[in-house]
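Two complexes come next, and they have one chain in common, chain A, joined by chain B in the first and chain C in the second.
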Partner chain A sequence: MRMKTLIRIACSFLMATLLPLQAGAQSEVKLGSLNDFTGPTSDVGKDAALGIREAVGYVNDTGGINGKRIKLLQYDYGYRVPEAITTYKRFRDFDKVVAVFGWGTGDTEALAPTVAKDKLPYLSHSFSAFLADPKKTPYNFIYGTDYSSNARAAMTAWYDQVWLKDPRFKAERDKGVKPRFVSFYMKACPYCSAAIKALNDHAAILGFEVGPDQDVPLTALDVKSQIIAVEGFKPHLIWHGNIVMSVATALKDARALGLKADHIVNNWGFDENLVKLAGPAAEGVIGPAVNAFYGEKAPLMDKVVEYAKKMTPGVPQQNRLIRTVQSWVDVLLMREALVRADKAGKLNGPGIKEAFESIRDWTPGLGRPPITITPTDHRPGSFVRVYRIQKGKFNLLEAVDLKKRWPEKWDMWLGY
Partner chain B sequence: MRKALLTAMMVMFLAGWSAIGEATAAKLQTPTVELERVEIQSYFPYAEKPTRVPLVLAFIFRITNPNTFMVGMEDMRFTYGFEAKPGEFFDLNTPTVFDTMYIPGKTTNQLRVVSVLDSMVVPSTLAVSSGFRVQALELKIPDVVKMWWEQIGDFSFGIRVTEGVASFISKEGGVLATFEGKFPRK
Partner chain C sequence: MYLPSGVYHETYRADNAWWQTTFVRAKMALLVVLLLVGVPLAGNYPLSIANVIGYTILSALGVQLLIGYCGMITLGHAAFIAVGAYVTAIGMLRYGLPYSVSMVLGAILAGLWSVLFGLPSAKVKGFYLIMTTMAAQFVTVDFIITQYVSRVGGRGHYFSLPPGTITIGPWVIDTELKVYYLMICLVTLCTVGMANLLRTRVGRAWIAIRDNDIAAEMMGVNVVRYKLLAFFVAGVLGGIAGAFWISSLYVVSAEHFQFSWSIWIVGVILIGGVGSLHGVIFGSVFVTVLLEALKFAVIPLSDAFPALSTGFLYIKEGVFGLAIVLFLLYEPHGLAYRWQQFKNYFNLWPFAY
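Moving on, here comes the complex of A and B:
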């Protein structure tokens, strides 16, 4: 009897001394993350990926998911849809993640039917409006205002604050001239073209004349031929749907060729790097931001900066972007849903979906307007802040609340 | 027999106790991560577009635990870039490793990280992340990519590892180790 007791004590002691490092594995919540470190969106993708890892570090240091640590499985897929699908299957079948952080529009839209069938919540950096309609994509969620809303808001802000007020356009306004508008984007890229239908619809609402769209590759280092192609149309406004490098190229070439047009940019083309890369050509450029810029004064920004310095010391602070902050919003929204699902005892696909859909007027800080997600509308809000670059700084031009301005159309724009 | 068993258990008990005492008394020292070498894991000869040619590299790291107790490495990531002109490096990829490994006290583990580059993707990487710098250096992206694929066997250009971070856990808490490196080391 005494012998058995001693053996039990010794075994318990050995278990206690040798296994504590593995104990964490039993209280983990696994999340998959698809990121672009190498592909044609890597100029914004790398910063976003770093931000995800840093934000997860912060979540784990501050209680995790009701005490459970997040185990983040983060993969580069080089913006290649087949690789994203393959990695997703690994997340689902082997890693058994409870939810996924997604990246591009092409892969997220391609995966949407599978995600719905698998009932695996998928929170993406792609803000394609298609992903916000739960009738079509019930397990997809976005943390930023959708591309269509962002484009409508940027166009509205330019119309309100520039076209209607700027003395440059007084003579034309007085004559009743319609503002002329063209779009520059890569036509074969789902992200770049996602807002075109909404933009053309909005141009009609505001009374614009729409000129010929120009096809600009994401990797363009020369956009002169596209600039020359629209010179005859004399656009007042150009919308850029690509990401930073090719937008910077277009802005520089437009300036070099003397094209007198204003520029609005989709949110993934509008960040701190645009100012660096386009230089003086970035002056006056307008675009939406889904949250505060990196280092801007906002609640929780001190933690964003602290964790960037602590977890990624090799990347200089001046190279960090708004993409880091976006990823914090992304991760903190995911945490909110996971905490709610876990508290309800439903840390599974349907439970997490239900938790996302219970979020009302919630914000993590970081300059993110309050987020509301419902079972019938996964757009996280209608309020878009639109900025203008002036002397290298981002100044708020107008905060556009699309639902308030067009209440009769807001519901129709779901998934548009 | 019974006496011998009891003695053995007491020894194990004391050894365990001693290990705990040592660990709790010791302060966690940061493990070191060092790039030992880069290998070509698998080679496919270069071909022009539209042929897609992979370049499979292996980065071998030495991870040394200076502590007297075991530490676990939870994840690790780093960025690597190739030299296009003397002293001009271009970052091409940021691999991340999540496979947990445990390193006993006062020992060194080796870790092989395999990373694949794609001759069709690298040009976009260069264009979107360093396009204006490529132009300023008067480089032509297809020529640079061809040179890298064809000369990698001799390592005639430098490979640089930067922004390296590894996350360690132990009974004494967690710690991050930073690292960078270059291969060949001349």
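Moving on, here comes the complex of A and C:
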């Protein structure tokens, strides 16, 4: 009797293993996706992962890749480099995917030389400027403006709209005081420190005085000592390089300790959750957004909301973030490249790379400024929208076009 | 030890020989053929699993030496593996040394680093020693390597080693198969070395210390010296493990050598059997293969339950914990003991008594 039960279980297991193999025989395109559901970046990672799943659902419902369905293989890697490597090997050797959606800066940068060697296109949520120089990382692509451009744009917008206009600073401006600036970020984290070189360079261009950088862990629960450390410097402006939870903590502690400084935030620290978590401390905070916020009026946004409701009914609408929309841009850009490569009959690494690099002034809607990717420059654009939080709402502060403003420097900033 | 009828020893040397009968020698020959020809034919994916097994064996050997043969529980061995890996990588990337030279350097430095953190063992035992080995983990990996060493060479892919970077002479190690052969060489060398070391004066001194350090000291064993020697050898083995592993990693990152890996390899020897070299190998094979098998059990179900594949990382760790608990409850001597029982059963079959 016991033996029979065992055999039954074994048989049903075998069936369960073999059946999907048969069913999957029709033509499909396999894509791998590394996501963080549980690690230190899960405050934004979970929503992004859901967005990828929903966007792929939308792509499959609307014709897939020239009729081929996308088979999405999505794994949680907990923001850990070793897991990313193991999963990448799995994508390459076992699942045999045609392209990968990446996540973190640390793992994407570390894998970049290997990705180039394997000729496996890698479109990441990390916008490290480092990944945008095809001379160094030919198979890496990003769908949003790079961190360095985002930081430069946020700094520029604050300088134009606040420092030069706000009556608070009139006395100091008239005296010719230079605006004082410090950065708060986790020094050992490649994502957080990605834009530092560019920021300090930009501070010099705009004539800022730069104070001592403060080390703030991604999982920080208390940032008071760092705030106290900069009190003597009396900064006018603080840049936060971390992610929402940690940034919210820093904002609250700055408010609690009465630090009189304005705040600019990198794009992964600036979303709907920041307003919820930091409350009144988020008032006046400035940051870039690479596309429209969730539910904002923009082409295709109705589909984003529709698929979120349909495919992930468990997550309440008010908890969805701009990250979902970013993932849609991510997936739709990938689709565009795959469709072009497939039309050319080259649905393989070099073919998809070529297809990515043929994209000019293309946008999926969703408030994403047009994307242009060339064989010599993988930065998707120079146009950054910078927002300010006012009464819990995101209001456009300034749209900065870095290329227009510093045309002679724009090419030099590649991979910076 | 079981010997078939008619096999007699006349010398001490013959009594201590490893493979005493033709049957055993034939078994070993079969194993060699299987390892050198059989596994490589299986394809890339099984090879990559074999490489993980090899890395686990190399990592756990030093832990087995400290815990199983010298009675000093360590929860910081990943630190020495990290030293081996980083020294090898820096030696190659910054100073242009050949891989083999960097590996030797990495192993020796890891050994010395291990001695440094072994010094407290002269004074403390048991739980307190566990704390000092944990200190090794946090001081080395979370502080020195994360905050300073990993920032050598600026940001970006400085510590990136795409396949093909590592070469031994004209031999370019760029595929899983080549990593596998390197692994087989190193595992054989280290295991044979350890097995022999344990039969010498040094090994007997370690075992005496493990069984009763006061008695050992009374018999004239210099306890501190031998404890530090154990730390040195364990560190060297860890260093070799680290130096080997970068060949299949593509990148060296502090995150490869976290506290969880230190715990993991202690779990491996608990499952395999404490105080046994067979245990190291059985434990590594069991744990690695179990987790891979789990993956295959999860894949067919993941279409219906996407949460299973996305959360696989945590299912994996949960199963590992469960395996340790079950082994401690039902097989406290580990797989090595079970293997012994299994062999005995067949040796005596059908007249077990």
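Everything that follows uses one rule, which is that the second predicted complex is superposed on the first by the 391 of 416 C-alpha atoms of A that agree within 3 Å, B and C clash if a C-alpha of one lies under 4 Å from a C-alpha of the other, contacts with A are read in each partner's own complex, and residues count from 1 in each chain.
Following the convention adopted for this analysis, contacts are C-beta pairs under 8 Å (C-beta built on N, C-alpha and C of every residue); 3 or more make two chains touch, one makes a residue touch a chain.
None of these values were measured; they are calculated from a predicted model.
Visitor: What is the contact status of A:Lys89 with respect to chain B (first) and chain C (second): first, second, both, or neither?
Guide: After superposing on A, A:Lys89 lies in contact with chain C but is clear of chain B.
Visitor: For A:Gln74, is the partner it touches chain B (first), chain C (second), both, or none of the two (neither)?
Guide: A:Gln74 contacts both chain B and chain C.
Visitor: Thinking of the overlay built on chain A, is A:Ala298 touched by chain B (first), by chain C (second), by both, or by neither?
Guide: neither
Visitor: Considering only touches as defined above, state whether A:Thr41 meets chain B (first), chain C (second), both or neither.
Guide: Touch partner of A:Thr41: chain B, not chain C.
Visitor: Going by the contact rule set out at the top, does A:Ile243 touch chain B (first), chain C (second), both, or neither?
Guide: Only chain B is touched by A:Ile243; chain C is not.
Visitor: Considering only the touch criterion stated at the top, classify A:Ala261 as touching first (chain B), second (chain C), both, or neither.
Guide: Neither partner.
Visitor: One more residue to check, A:Leu277. First (chain B), second (chain C), both or neither?
Guide: Only chain B; A:Leu277 stays clear of chain C.
Visitor: After the superposition on A, what does A:Leu218 contact: first (chain B), second (chain C), both or neither?
Guide: Once the two structures are laid over each other on A, A:Leu218 reaches chain B alone.
Visitor: If you stack the two complexes on chain A, which partner ends up touching A:Gly314: first (chain B), second (chain C), both, or neither?
Guide: After superposing on A, A:Gly314 lies in contact with chain B but is clear of chain C.
Visitor: Under the contact definition given at the top, report the residues of chain A touching chain B in one complex and chain C in the other.
Guide: Looking at chain A, the two contact sets intersect at 13, 17, 20, 37-38, 49, 53, 73-76, 78, 80.
Visitor: Chain B touches which residues of chain A in the complex?
Guide: Residues 3, 6-7, 9-10, 13-14, 17-18, 20-21, 24, 37-43, 46, 49, 53, 71-76, 78-80, 218-221, 243-246, 248-249, 277, 310-315.
Visitor: Please output the residues of chain B touching chain A within their complex, sorted ascending.
Guide: 2, 5-6, 9, 12-13, 16-17, 19-20, 70, 72, 75, 77, 79, 92-96, 98, 102, 117-118, 121-125, 127-129, 131-132, 134-135, 162-165, 169-171, 176, 178, 180
Visitor: Can you name the residues of chain A that touch chain C in the complex?
Guide: Interface residues on the chain A side: 13, 16-17, 19-20, 35, 37-38, 49, 53, 73-78, 80-83, 85, 89, 93-94, 106, 109-114, 116-117, 130, 187-188, 190, 193-194.
Visitor: Mind pulling up the chain C residues that touch chain A in the complex?
Guide: 44-45, 48, 146-147, 150-151, 155-157, 159-160, 162-164, 176, 249-251, 253, 255-256, 296-297, 299-301, 303, 306, 309-314
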